Amino acid sequence: MNSLSLTLFDCVVLVTLLGLAWQLLATPDLFKAMVLFMSFGLVMALAWVRLAAPDVALAEAALGAGLTGPLFLSALHRLRGTRKGERRQQLDSIEHRGKIEKVTQRTSGRIIYLLLRILFAGLLLTLLVHLATILLHVEYENPGLGVFVAEQQEESGVISPVTAVLLNFRGYDTLLEIMVLFVAVVAVWSLATVRFSEKSGQVSPIQQGVVRILAPLMILVAVSLIWQGTHLAGGAFQGGAVLAAAGVLMMVSELPWLRLIPSLPVRLMLVFGPLVFLGLGVSCLADGRFLEYPGELAGFLILLIELACGLSIGLTLACLFVGGRPVDDLVDRGQLEEGS
Amino acid sequence: MTVLFAYKLGGLCLFFMGFTALILRSHPLKKIMAVNVMAAGVFLLFIAMACHGRVGVAIDPVPQAMVLTGIVVSVSVTALALVLACRIQETSGGAGSSEGEHPPQGDS
Amino acid sequence: MPTVSASFWMVLPVVLPLAGGLLCFLWRQRSLWLPLAFALVNLIVVIRLTRLLLIQGPLHYQIGGWETPLGIVLVLDGPALLMLLLTALCGAGVTCYARGYFAYRISAQKQPGRHERQERFFWPLWLMLLAALNGLFLSGDIFNIYVTLELLSISAVALAALSGKPVAQLASFRYLLASLLGSLSYLLGIFFIYRSHGVLDLGLLRAVVEPGSSMTAGLVLMSCGLLLKSAAFPLHFWLPPAHANALAPVSAILSGLVIKGSLYLLFRFWFDTFASLISPAALNVIGMLGILAVFWGGILALLQQRLKLLVAYSTVSQVGYFLIAFPLAYHDATLSVWTAFLFMILAHGCAKVAMFMAAGTMYLHSGHDRMRDLHGIRLVMPLTVFAYGMAGVNLMGLPPSGGFVGKWLLLTGAFDDGQWWWSVAIMAGGLLAAAYVFRVMSPLFQAPVGASIFDGRPTPALLEWPPLVLSLIALLLGLFAPGIMALLTANGGAVISGGLP
Amino acid sequence: MNGSGWLLVLIMLSSFVPGIIIFGLPEDRVRLRTTLNLCGSLIKIGLIVVLNVGIYLGYSYEIRLPLVAGMEVYLHADPLSALFTTLSSVLWLLTTIYAVGYLEDSPNRSHFFGYFSLCVTVTIGIALAGNLITFILFYEMLTLSTYPLIVHRGTPQSLRAGRNYLVYTLGGGALFFLAAAWLQVLTGPMDFGSDGFASHLVVEHGPLLSLLFVLLIAGVGVKAALVPLHGWLPQAMIAPAPVSALLHAVAVVKAGAFGIVRIVLDVYGLENMIVLGLLPLLTFVATLTILWGSFRALQQDDLKRRLAFSTISQISYIGLGISLADHRLALIGGLVHLVHQGIMKITLFFCAGNLAETLGVHRISEMRGIARRMPWTMGAFTVGALGMIGLPPTAGFVSKWFLGLGALSASNWVVVAVLMLSSLLNAAYFLPILITAWFDRPVGPWPDEKNFGRFETRLMLLCPPLLTAAVVLLIGVLAEAQISPLAWVRFIVEGYLP
């Protein structure tokens, strides 16, 4: 692949990215926007591959497009009530146009509105140009922290540099990031009513059949992704995302045992990953500092953390998709009867 | 060299496109999408910087780790925002249209 | 130079509340002992850190044992410790108050299970927020600060939406979008800074920073993000509805502690890490924002009918005070203005938490917070009204409060630099604060007309004592000054970790 | 030699601790509350006698609490502060006795007496303040502790009066705070008693220092009720009688006058004042207030409002004396009027309170022949009124006499004319009251008469005015005695004009 075709590829990627983004934000129809959003995520993953960032590409594909898309779709579905016909309704545009009409009845209103938009656009453009000129400066000669990572790579106990940074050099960041995920699921549970997965009863037998084949496969892929995280592209987040996709698939096809799962095991699994990471970090305090894995054990400990977090992340993302809480203590049961 | 600059410029454009959409669009779902586009723009900037001049050779893993963290954080925040938007719609039926302060019924 | 410490105490303020949050979620904790235990242990740890700082001076703790360019370092110096103390103190107060608040609500709830659910999810979210705050004050790495800011805002938004009312959820949705925008512009700032020097650690950054367009752009973007998160004047739209409609303990946390995090960061970036990039013009802009905030917040607070909205707008006005401290700190960024800034933050933190708690107790008892017909509540709950008054004295900056000492230092700082016009804004802010505090207090002194409309149920101790204790602490802060001074200049070490530029 | 600084703290605690305890007391513990109050004030008076003796013998009492760089709480007892401390503690004892009698059955007295003793603690603090920052500290706390007293009744009018009071005092306090901060920046941290700042500063910052002086006087003038800033005083008459007595004779207004004395003598120092030429300004404001106060008092029919306006004019005698401070006699006259005015005014307010409490009489037109019904109260009132006018046997004569001599020695004819005119005006608005009380015949029943057995009113309400009236006469007659206020003022003035 000589450089010409590569640059051509870059242009195509960039143009589609910007075009998709523009179209995605401009279109009044929400459903169309969401489809564009998912394709935007996939093209972005392509860009990451082009920029030699395989881990990020995997994460973007699995999380960015693979999970955020369905999240949006289920939100849209819930927002618009269940009737199919409404999905095409330009909810966004009606509301938006309504506002503009109110303002621009009088010609003066219209001029002011126009002026405001021009001013706003002008301001943003100058800011964009200014930042772009800063980018134009010849790259500062600093090679970033890559050099340091290369030097201390072998002490980190893993081969893949990204995993080394993520879980060893800057493991504290990842710990806090997993806590962010945990807080997200707690927040979603605090808001939602008791509804782990409604029983809509419209699941066709074909889907159930396919799920029975596909789900174990996806779980296998997820575990392998987590496993290879230490030396190739992959890791807890990417593996967790695939696991979540498997979980979502199972929930959407309403497997009976899944709907009535009590809340304690789910909560245990959610807390398992963060607790293991935190516990291992604290246990390192015995003869060193927080999160300072003892020499040769580093590789093994990192793998342990990856597995535990991968599982928890998978369940967390699945719970985020479902949006409801599992049925558990009496109070919830009481609420369930009232159907609130 | 200019290819990386093109990617960075693309990232900046995404950032500002998302920013304008966030300000102008009124529907909550559109706003959340705009935020995601902005985040994608910033991540593009980070990864383009990670190559340090030679396209296709990633010598600096730290920005990649940062972007990974960023992606996970933005997914969790998007999920929370979507559930919030749905709850607002269900309880008051007035998603995004800010009809000002509700009279405070009951407690707060 | 600060000593590289191996003591694990430095990490506990973050690790303990994290573990607490996880366990509270796991055990569906409703009794007070688990969260209170974690809050008190956090207080003990911070006190232990105070002694550590006094003995060894500023400390660095390398997480994972990696040196700074690559690893993350926790930094403990005077200002950071004072913020930890504030968070620990107010945290313990809020934990007790929240327990009393939910117990009271559960005993009087109409819809079964509603307040149990709220309380069940309050504890994990609150302890996570506490961990995020402690992490933010200790962190010495700009990307790590981004992650703690993110954890802080997601838990704050979740807490704000906990009350379940549509108006609260709409407000917290806007709050979420605002803080997301802030975080993204902060991340963009990190890009520009990392790009120019490939360094993320604050200490190294301070050594290597020199005026350059990329660094300045990075600092400006990061500052805009932080200004949005701390509701500086033009970007304050999301604060009043979010803080006023949240549950009482939540609005106390949001106004008293969460706002302080990003303000503290702003001050640390501008006067410690990137001090050489700062131009007087930029400082005057921030000062102008401060003046506008003081007047805008004060006047709007006067116009409010609802008590909690008044207190929320007073937060907007008080944020203006902190911004006014910026232009005064330029010439002699020595001790005096750091002290003024920290005094104001400590005093305002305790006072605002106490004020919101007192307002919450009044709300609980009367079922509404319309100020006009709250008179006569003084006889039912004298301690709470007294606590509100003390917190008000603090906001006004009247002696003997910590706010008075802070205001005095700001004034003398202003006159020292010859920039006397800031003092006019500071005094006007004080008078505005007096106006909206007495607007609430004077009806309380009115003799109740006819039978007292408040049900005779005595207010539980857990609802009355935390606000009282915290407002008295805010009051006596002025007298603790020598102690705080000793902390700031711990054993000769300069005020800030690496020493001032 | 220096005595222990802790004496000062003890003096302040002797009224602060009872105050805090009383706050916590339930309503019905009347006897415990009264005993706490009384022994608190007795202990305080005992300590102050020890203090005065110590100061007379040359001991110095001071205590410092450093707060922040350039800011420390510094209590220091010099002769001037001893004068004000003695005055306020003695009058606090009498007012407490009177208040116990006056508020016999009114609601939430624990709060009242709590704030009451807090207020006196703060007044003592103002008296003992050793530098400007401590003065501000207690000066603004005075506002906070007197506000609840004014709005004690909880009626809408008292709330409006309280709001008005706050607007004036907090505004003045803000100005004072601003000017003090600026002054400290110019002159550096400075204690009282060092005869003002270095003279070279006057050369460098002349106009700025004059501006700061105007701001400081405006800040203090609010509480000293100088003319443009006196609006709050007549409205504060809504408060119960012991409060208006305390406010006018002891705490707020006197603190303002004391502030003026401190600023002129200790912050700026006499030489700097003369060089800056600020004394004529003070004279002008004082004379304007004296005449305006007397003139407005003439028009009032309500007894307490007339007394309020008379206070406004009488307080400015002190200002007048200070404005002629370069002449020894005028300074003595001004300072001694600080004490005399306090005692005379508190007598008048006690009597006004008695009339209102026992007969429900508030207006002067209702006082026809009231002396027949309450001879003792009206007797004390007469002594007080004659003192205000300045007739010989009373204390008022002493201070006006010295003021007159001072004005003559300064050959300032305007001041002499003002002194004579104001004495005439005093007579014009006090004598009619005495005439209607003693010589007219009472017409119809008293608005709301209550009788209290053998004496004309409760004993607790009758004794304080009689006591203070006797003191007024005593001071007048024994002016030259060794322990009279005049002797003490001479001892003070030696410190300033050797």
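Quick notes on this one:
Here the chain labels run A, B, C and D in written order, and each chain numbers its own residues starting at 1.
Going forward, a contact is a pair of C-beta atoms (placed from the backbone, for glycine too) under 8 Å apart; a residue touches a chain by one contact, two chains touch by 3 or more.
Note that the coordinates shown come from a computational prediction; the quantities given were computed from them, not determined experimentally.
Rounded to whole angstrom units, the spacing between the C-alpha centres of subunit A and subunit B is 11.
Averaging Cα coordinates per chain places subunit B and subunit D 67 Å apart. Averaged C-alpha coordinates put the centre of subunit A at 73 Å from the centre of subunit D.
One inter-chain figure worth recording: subunit A and subunit C are separated by 31 Å, centre to centre, where each centre is the mean of the chain's CA atoms.
In subunit B, the residues that touch at least two other chains are 19, 49, 60, 62-63, 66, 69, 73, 76-77, 80, 84-85, 87. The set of subunit C residues that touch two or more partner chains comprises 70, 143, 147, 150, 154, 157-158, 161, 169, 194-195, 198, 200. Contacts with at least two other chains are made by no residue of subunit D. Contacts between chains form some other arrangement here, matching none of path, ring, star or all-to-all. Going by the touch rule set out above, the chain pairs that meet are A-B, A-C, B-C, C-D. Those residues of subunit C whose C-beta lies close enough to touch subunit B in the complex are 70, 105, 143, 147, 150, 154, 157-158, 161, 163-170, 172-173, 176-177, 180-181, 184, 187-188, 190-191, 194-195, 198, 200, 241, 244-247, 306, 308, 363-364, 367-368. Within the complex, the subunit B residues that touch subunit C are 15, 19, 22, 28, 31, 35, 38-39, 42, 45-46, 49, 60, 62-63, 66, 69-70, 73, 76-77, 80-81, 84-85, 87-88, 91-92, 94, 98, 101-102, 104-108.
Those residues of subunit A that touch subunit C in the complex are listed here as 130-131, 134, 137, 140, 142-145, 148-149, 152, 165, 168-173, 175-177, 179-180, 182-184, 186-187, 189-191, 267-268, 270-271, 274-275, 278, 281-282, 285, 288-293, 329, 331-332, 334-335. Remark: subunit C residues 335-336, 339, 343, 379, 382, 393, 396, 398-400, 404-405, 407-409, 411-412, 415-416, 420, 423-424, 427, 430-431, 434, 438, 442-443, 445-447, 478-479, 481-482, 485 touch subunit D in the complex. Interface of subunit D with subunit C (complex): residues 65-71, 107-108, 111, 133, 136-138, 140-141, 143-144, 148, 151, 153-156, 159, 162-163, 166, 170-171, 173-175, 177-178, 181-182, 184-186.
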